[in-house]
Amino acid sequence: MKKIVLTGAAGNLGKILRGPLAAMCDELVSTDIEDNVPDLAENERFVQADLADMTQIGPVLEDAEMVVHFGAIVDELPFEQMWGPNFVGSYNIWQAGKEHGVRRIVYASSIHAMGMYPKTVAIDTEMPHRPDTYYGLAKCFTEDLGRMFWEKEGIESVHLRIYSATSRPGNARALGSWLSADDLVQLVSRAIDTPVVGFTVVYGVSNNDRSPVDNSAAAHLGYRPKDNAEVYAPEILAETGPVDLSDPGVTCHGGPFASATLGVSPMALMGIPEDD
Amino acid sequence: MKKIVLTGAAGNLGKILRGPLAAMCDELVSTDIEDNVPDLAENERFVQADLADMTQIGPVLEDAEMVVHFGAIVDELPFEQMWGPNFVGSYNIWQAGKEHGVRRIVYASSIHAMGMYPKTVAIDTEMPHRPDTYYGLAKCFTEDLGRMFWEKEGIESVHLRIYSATSRPGNARALGSWLSADDLVQLVSRAIDTPVVGFTVVYGVSNNDRSPVDNSAAAHLGYRPKDNAEVYAPEILAETGPVDLSDPGVTCHGGPFASATLGVSPMALMGIPEDD
Amino acid sequence: MKKIVLTGAAGNLGKILRGPLAAMCDELVSTDIEDNVPDLAENERFVQADLADMTQIGPVLEDAEMVVHFGAIVDELPFEQMWGPNFVGSYNIWQAGKEHGVRRIVYASSIHAMGMYPKTVAIDTEMPHRPDTYYGLAKCFTEDLGRMFWEKEGIESVHLRIYSATSRPGNARALGSWLSADDLVQLVSRAIDTPVVGFTVVYGVSNNDRSPVDNSAAAHLGYRPKDNAEVYAPEILAETGPVDLSDPGVTCHGGPFASATLGVSPMALMGIPEDD
Amino acid sequence: MKKIVLTGAAGNLGKILRGPLAAMCDELVSTDIEDNVPDLAENERFVQADLADMTQIGPVLEDAEMVVHFGAIVDELPFEQMWGPNFVGSYNIWQAGKEHGVRRIVYASSIHAMGMYPKTVAIDTEMPHRPDTYYGLAKCFTEDLGRMFWEKEGIESVHLRIYSATSRPGNARALGSWLSADDLVQLVSRAIDTPVVGFTVVYGVSNNDRSPVDNSAAAHLGYRPKDNAEVYAPEILAETGPVDLSDPGVTCHGGPFASATLGVSPMALMGIPEDD
Amino acid sequence: MKKIVLTGAAGNLGKILRGPLAAMCDELVSTDIEDNVPDLAENERFVQADLADMTQIGPVLEDAEMVVHFGAIVDELPFEQMWGPNFVGSYNIWQAGKEHGVRRIVYASSIHAMGMYPKTVAIDTEMPHRPDTYYGLAKCFTEDLGRMFWEKEGIESVHLRIYSATSRPGNARALGSWLSADDLVQLVSRAIDTPVVGFTVVYGVSNNDRSPVDNSAAAHLGYRPKDNAEVYAPEILAETGPVDLSDPGVTCHGGPFASATLGVSPMALMGIPEDD
Amino acid sequence: MKKIVLTGAAGNLGKILRGPLAAMCDELVSTDIEDNVPDLAENERFVQADLADMTQIGPVLEDAEMVVHFGAIVDELPFEQMWGPNFVGSYNIWQAGKEHGVRRIVYASSIHAMGMYPKTVAIDTEMPHRPDTYYGLAKCFTEDLGRMFWEKEGIESVHLRIYSATSRPGNARALGSWLSADDLVQLVSRAIDTPVVGFTVVYGVSNNDRSPVDNSAAAHLGYRPKDNAEVYAPEILAETGPVDLSDPGVTCHGGPFASATLGVSPMALMGIPEDD
C-alpha cells in the first residue's frame, strides 16, 4: 500500500490509529482541522485541512489508495453547525476520492445511526436506519452516500458503526457497547487488508459478553474482537441502581443521545466524556 | 382540518394536488419558489418562499396542521446545487414544523431512494436504501430525518416513494412504474385522512399489472390504486425492441437515473420529460 | 357432513352462523349457557350447556365431525371470571373432541391475541402473540392448545382472529378492522369445507381498503372477503378529529382493549358496543 | 420478434400455445419427438427432433431469439428413462441456445419441484426446492441450470412452475391449483414480452380463491390471472369426503406425486389424466 | 437489591439457586409448597406457601424487588392437576407482583414450550410456540402473560427456556441440551443484574458443541455459558444405537415429552429422572 | 456401526478420511475408480468400482449402514464427461442405498453449489442454489436428490459443502475458505455420530476469522472447527496486491470457478492445485 490518508488525526480515535496505519503503508498523511499532531512517525506527514472545504481537503487525497475517514464533529450540535464537517465533509471525501482514483474509504460511522432501536433488540447491519440525533443522521447520510459511490463509481467502503470507544467501560451500558483500543485497531486493519469489501457495514464493539450487535453479515471482514468489558462488570454493576424504564436514554441503543433534544449536546449537558 | 401547507405548488404534481387539498381543509397555503400559481381556489392563498431559506419558509407553517412537502429540484444536479432545496429544504420544513406544532408532514420521496435495486427484485418499504443519484440521496436523507422527528419529537410523516408520475406511461418501464394523477390524489388523501400514521413509507405506483413494488407494510394507509398502465401495453411494447442487459438504466428500478453520472441530469441528456 | 356443534349459539356471531351452518350438515347442535335460542332450523337442535363444565359440554360433542367454537365471555373481566369459560372451556372442547373423534374445530380467536402491536405494523399469522387483555390471553392459550392437539392428536383446527364484527363500521379504527356478517359466514364456511387445514390461523377482516392484516400464510383456505368498510369512510372520517398518539388505545391494533386496565371491561367503561 | 422455437409442440400444453406464439413473432418453429402437429399456422414450421439428441435439437435453434421449452416426459418414470428427455434435453436447449445466441428461454417447470411442502404452507419462489419425484428433480435441475446460464452467460430465462393445467378443475386439490388455458397463455405471453426478466421463477396458477402460491417476487412479470376455479367448488366439494391426513398425496402440494413411489407413474396407477 | 423472592426453593433447581441468590441481595425469601428447606443462609428466610392460592403466595412478595419464579409441577400430569400450580400460580405471581410494585420476574420457562419443533431445526426466541404437553402449554401461557404485564404494566420479565438441567448429560439428546449447574447460575445472575430487560426470552443451554438453540435475540443479556457436554460424548455415544426416526420423542426438541400422551407423565413411564 | 462404505477413497480427501472412518466401524469398505489404495487398515477392504455403473457400485453397498460419498470428478469438465460420475454416480449411490437399507449417506457437496453469491454476502444453508459450473450443478442435483430420498424414503443424508480443503491456505481467498484436514475429519465424524440428522446441509470451513459462511441452521450437528487460517494471514496478505473488482473470480464465493467458462477446467487453465 503506497499511501493512506487519515482524517480526524488529532481526535481521540485518530491518535490511536496513527501508529498502526503508518505501519501498513509507505506513506501516511494525517490531516485534521487542528493545526498539528504530535510525534509524527517516520513515514507520516501532517496536513491541516478543513473537511468542509473542498479546496483544502481535496488535494490531500492525491495518489492515495485508501482514506480512513474519522474526521467529524463528535457531538450533537445544531444542524447548521454539523452540515459542514459531518455532511459536506463526507461528500468531499468521496468526491475527491473519485477524482483521485482512491480505491477504498474506511469510515467512522456510529451506533447513533441506529440509536433509537430498543436495547432489547439485537441490531444487525441490514436493518433500516433509526438515527437518534443530527450526529447520527450524518452517519446515515454517509452510509447511503458510500453505498451509492460503490454501486455507481466502484469505490469500496467499510462503515464502522463505532459504539463506545473509550479507554475503559464507563457505565452499565458500556458493558455491552465498549470498544477497546486494540479491537478498534484490529477492526480498522481488517477493513484495510481484506481484499474485497464492496460496501460493508460492521459494528465496532469488543468481544463483550453483553455485546448487543450482530455482525454476521460482515463475516467476510474477519473482525474477531478480543477484549471483553465483562471484567469490569462487578465494579460497575455495584454502582448501578434501578433505572428509569421510561427514559429512551436508558432503554435505547443510542443511550444519552436517544434522550437528548435534537441539536443539543448530551455530553455537555450530562458531563459525560466523549462516547463514540 | 384547519390549515394545510403545500410546498412545490407550482410543480407538475403540485398543480394536480392544489384542488383536492383545498377541498380537504379550511385554508390551503400554496408555496413555491416561483412567484405565483394560477387560478387560486377560494380558500387557497399563495406565498412565494425559498425552501432553503428558513426565514422565508419558516413563517409559512404557522398554525398549519399538516404540510404536504413536494417542493424540491426534480432532477439530478451537482451536489452543491441540490443541498439547499433538497436537503436543507427538508430540514427547514421539519424544524419549522416542530416550532409551529405541525402534526404531520406528507413528503414526496421517490423511487430513486431505491433506484439501484434490480428490477427483478420486488422492493418493499423495509429494505435498506440504495440511492441512484444525489437526487435519490436527498430522499434517503429526508426519510431518515422524518423517522427521527417521529421518534424524538412525535411529528408524524408519510413518505411517498413516487415512481413515474406522468400523464400516461411513456415507455416499457412505465408499464410497471406509472402513477396516474387520480391515484396520486388518492395516495395523498389517504396520507392525510388516516388517523394514525406514525412514520410510514409507501410507494406511489398505480394498480399496474406489472407493478414492481410491495406496499404490504403500509396496508394501514388504505391506498388502493385504480388505474392500470397495462391498457397502454400493446402500443408501447410494439415499439420496444431488445434491451441492453448490461445497462443499469435498463435493469434497475431507477431507470435512467441508475445509469446516469452522479451530478449530471439524465433527463437533460436523454431528452426525457420529467419522470418523477 | 353429518353433525356440527356450534357453541356460543346465542351470541351475536352465533346468531349469524346458525343458519349457514345448518345448511352445511345433516344435524346442527347449537349450544349456549343461555337457556334457548329462537327459531330453530329443521335440522337444528339446541342443548343448554356450560362450557366450563365438562359433564355438561362433553356429551354434546358425541358423534360430531366438527365443532364451531364461538362460546366465551366476549369482554375483559377479572382473570378469575374468565378462567372457566374462556380457558377451561377451550380445554373441554378439545379434550371432549379427542374423546369423541371430532375431526376439526373452528375457533373464534380474536385480534386481541395480537392487540399490542402498533397499528402501523401489518400483522401476519406467524408473528408471536402480544395479547392486550386476559380476554386476549385466553385466545393465545387456545391457539397454542389447538396447535398441540393437531401435532399430538391429529385434530385439525382453524383459528379465526376476528377483528371488528359489527353490523357496520362504528369508527375510524373499524375502517380497517370491520368484518361484515357475509364475510364472517364465508370465513367460517371456508374453515369447514377446505379438505386439509392442519393448524391454520387466519384474520377475520373484510376486504377493507385499510385492512391492516396479512392472511397470505392462510391462502390455502381461500378466504376472499367481499365487503369494504371504505364506503363508510367519508361519513366516519368527517366525525373524526385529531387523535391522542400517546394512547395505546389509539395506536395499537387492540384499540380500547390495548389501553384498558387488565381485568376491567373497556366496553363497559366507554359505552362501546361489543367489538369482537 | 423474429423467431421463436416451441418444444413439446405436440403435447397438451404445446397445442394451446402454438397459435398465440405464432401471433407474437415472424416465424414459429414447432418441434416435438412426435412426427407432426396438425394445422400449422401460416408462419409456423414443424421440425421433428429428439430433445435428448443434440445433433437433432441443436440446429433447430439457429437464429431463434427465444425458446419456449415445454418438451419433456410429463410423468414419473424410472430415472434412467427420464435422464435423456428431461435432464439432457434441458442441457441441450441451453447449450444450443448459447451457441446460437438465443436471448431468452421460457421453461415449463412444475409444482413438483416443490411438491413435498405441506399444502398449509404458502410457497413462494425463493424457498429451497423440495422435489417429490424424478420428474420434479428434473425441474429443480433445469431451474438451477437456467440460473447458472443467466449468471455466467447472460441468457435470460423464466421458469413457469405450472400446477394443474387441465381444461377444468378435476378435484378438490385443483380448486387451489388449477391453471386455465387462458391464464397459461397470458403467463407465457408475459414471460416473452417483459423487457427484462433475468432469471425469474413464477407459479402457473389461475386466480383461484384457494391459490396456495405467492408470486410476489415475480411481480415485475405482470402476470395477473383471470380465471377462478371457485366456480366449480360447490360441485366438486359435494363429491369430496373426509381425507386421509396421513397421506402425503393429500397433505402436500405435489398431490399424487408426493405419495408415489419414486420412478413409478402415479398417473398410470391411479388412472388420473395428465396433471401438469 | 433489597429483597428477592425465590419460588420452588425446595426443587432441584431451587436448591442450586438459593446460595447465589442470597449473595445478590439484602434479603432472600425462599418459598415452596414443601414445608421447609435445609441450611438457610444468614439473610435467607423460608415461607411455606401454595402458589395456587393467592392468599398464601401474595403476601410473600411484599417489598420484593424481583421474583425468581421456579415453582411449578415439573412433570406432565392431567390438565386439571396442572392448572393450579402451573397456570394460576403464574398469574398469582404477576398479579401479586403488580400489587406489590415488583420490578422484575425471572421465570423458569422450558424447552417444552417449543418441544414439537424437529431437532434439525435450530430454534430461536422469536418463533411461534409449539408446546408438546400441558406442562409446555403452561410455559407458553406464562410467557404470553409476562409479555402482557410488561407491555401493559411495565413489569419486566426474563423467561428462561431451560432445557436439560441435570448434574451431567444423561443421553445423546443431552449432548445438545444439557444445562450445567454453573451455567444455570450464570443465566439467572444475568437475568437479575442486566439493567434493562423488558420482556426477554432466552434458552437455558450450556456451551455444548451440539447446542441446538439460537439465543442471538437475547444477546443484551450477556449469557455466555462455559460448560460443554461434549466431554461426555465418547462415553454416551458408545452406548447409543440406531434410533427410531418415526418417533417424535427422538426427532423433536421435546424428547420424551414430544412422544408422550397428553396428561400422562413421560418421566414416570420411562423411569427417566426429572429432565427440565 | 457395522459397515461404512467410502467412495472416492483414492482422492485427496478420501486419503485423509480412511483412517478415521476405519476407527468408527467394524468394517470399512473403500472404493474408487482407481485400482487400489495403499496401506489398508486392518478392518478395511478395497473394491474397485465405477460409480457411474450400477452393476459395479451397487453391490458394494450391501449391508452398509452408512455411505461416505466422496467419489466424483473434482474439476470442471464438459457436461457430457461429468454426467456419469457426478450425476448418475449420485443417483446410483442413493438408489443402491435404498435397495440395501442404508441408513445414512454423508456427501461431499461443495461451495460451488453456491459459487455465484458475492463474497460480501454471508451464505447460509437455506438460501437457493447458485451454482458456478457443471461441477457445482451436480452438487445442487445431489442435494435435491438427497432431500427427496429423505422425504420419500427415509434415508438420512448430510451434505458437506466443502470449501477449500487443502493442506494450508494458498491465497487470500483461502483465509476465509480454508478447511483443515483435522476439521474435515471432525465434520465427517459429526455427520456420522449425530443420532438424528434427517436432511442436513453444512459448510465445511475451518474456524477462520474470515469464514464467510453461516452454519447456524446445522447447529444440531455440533461441528465446531478448531483451526484458523488467520495464522497464515501476514504472509499471504503481504503477497496480495489490489484485486480486479470486475472479475467474478475475485468477488464471488466460487473463486476461479465463478469466472471460468462452463465446461472448461479453471484449475488446468490457471495452474491452481485442486481447490475443493
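Observations on the structure shown:
The first chain written gets the first letter, and so on, giving A, B, C, D, E and F; residue counts start at 1 in each chain.
Just so it is clear, a contact is a pair of C-beta atoms (placed from the backbone, for glycine too) under 8 Å apart; a residue touches a chain by one contact, two chains touch by 3 or more.
Because the structure is predicted, anything quoted here is derived from the model rather than measured.
Shared contacts of subunit C and subunit D, meaning chains that touch the two of them, come down to B. With rounding to the nearest 5, the Cα superposition of subunit A on subunit F corresponds to a rotation angle of 120 degrees.
Comparing chain pairs E-F and C-E, the larger number of C-beta contacts belongs to C-E. The geometric centre of subunit C is 52 Å away from that of subunit F, both derived from CA atoms.
Spacing of subunit A relative to subunit B, judged by their CA centroids, is 32 angstrom.
Looking at subunit C, one finds that none of its residues touch two or more other chains.
If you check each pair of chains against the touch rule, the ones that pass are A-B, A-E, A-F, B-C, B-D, C-D, C-E, D-F, E-F.
Taken in their complex, subunit A has these residues touching subunit F: 65, 103, 154, 156, 193-200, 216-224. Those residues of subunit B whose C-beta lies close enough to touch subunit D in the complex are 118-122, 172-173, 175-176, 208-214, 230, 233, 237, 240, 242-243, 245, 250-251.
Remark: subunit A residues 79, 83, 87-88, 91, 95, 116, 126-133, 136-137, 140-141, 144-145, 147-149, 151-153, 261-262 touch subunit B in the complex.
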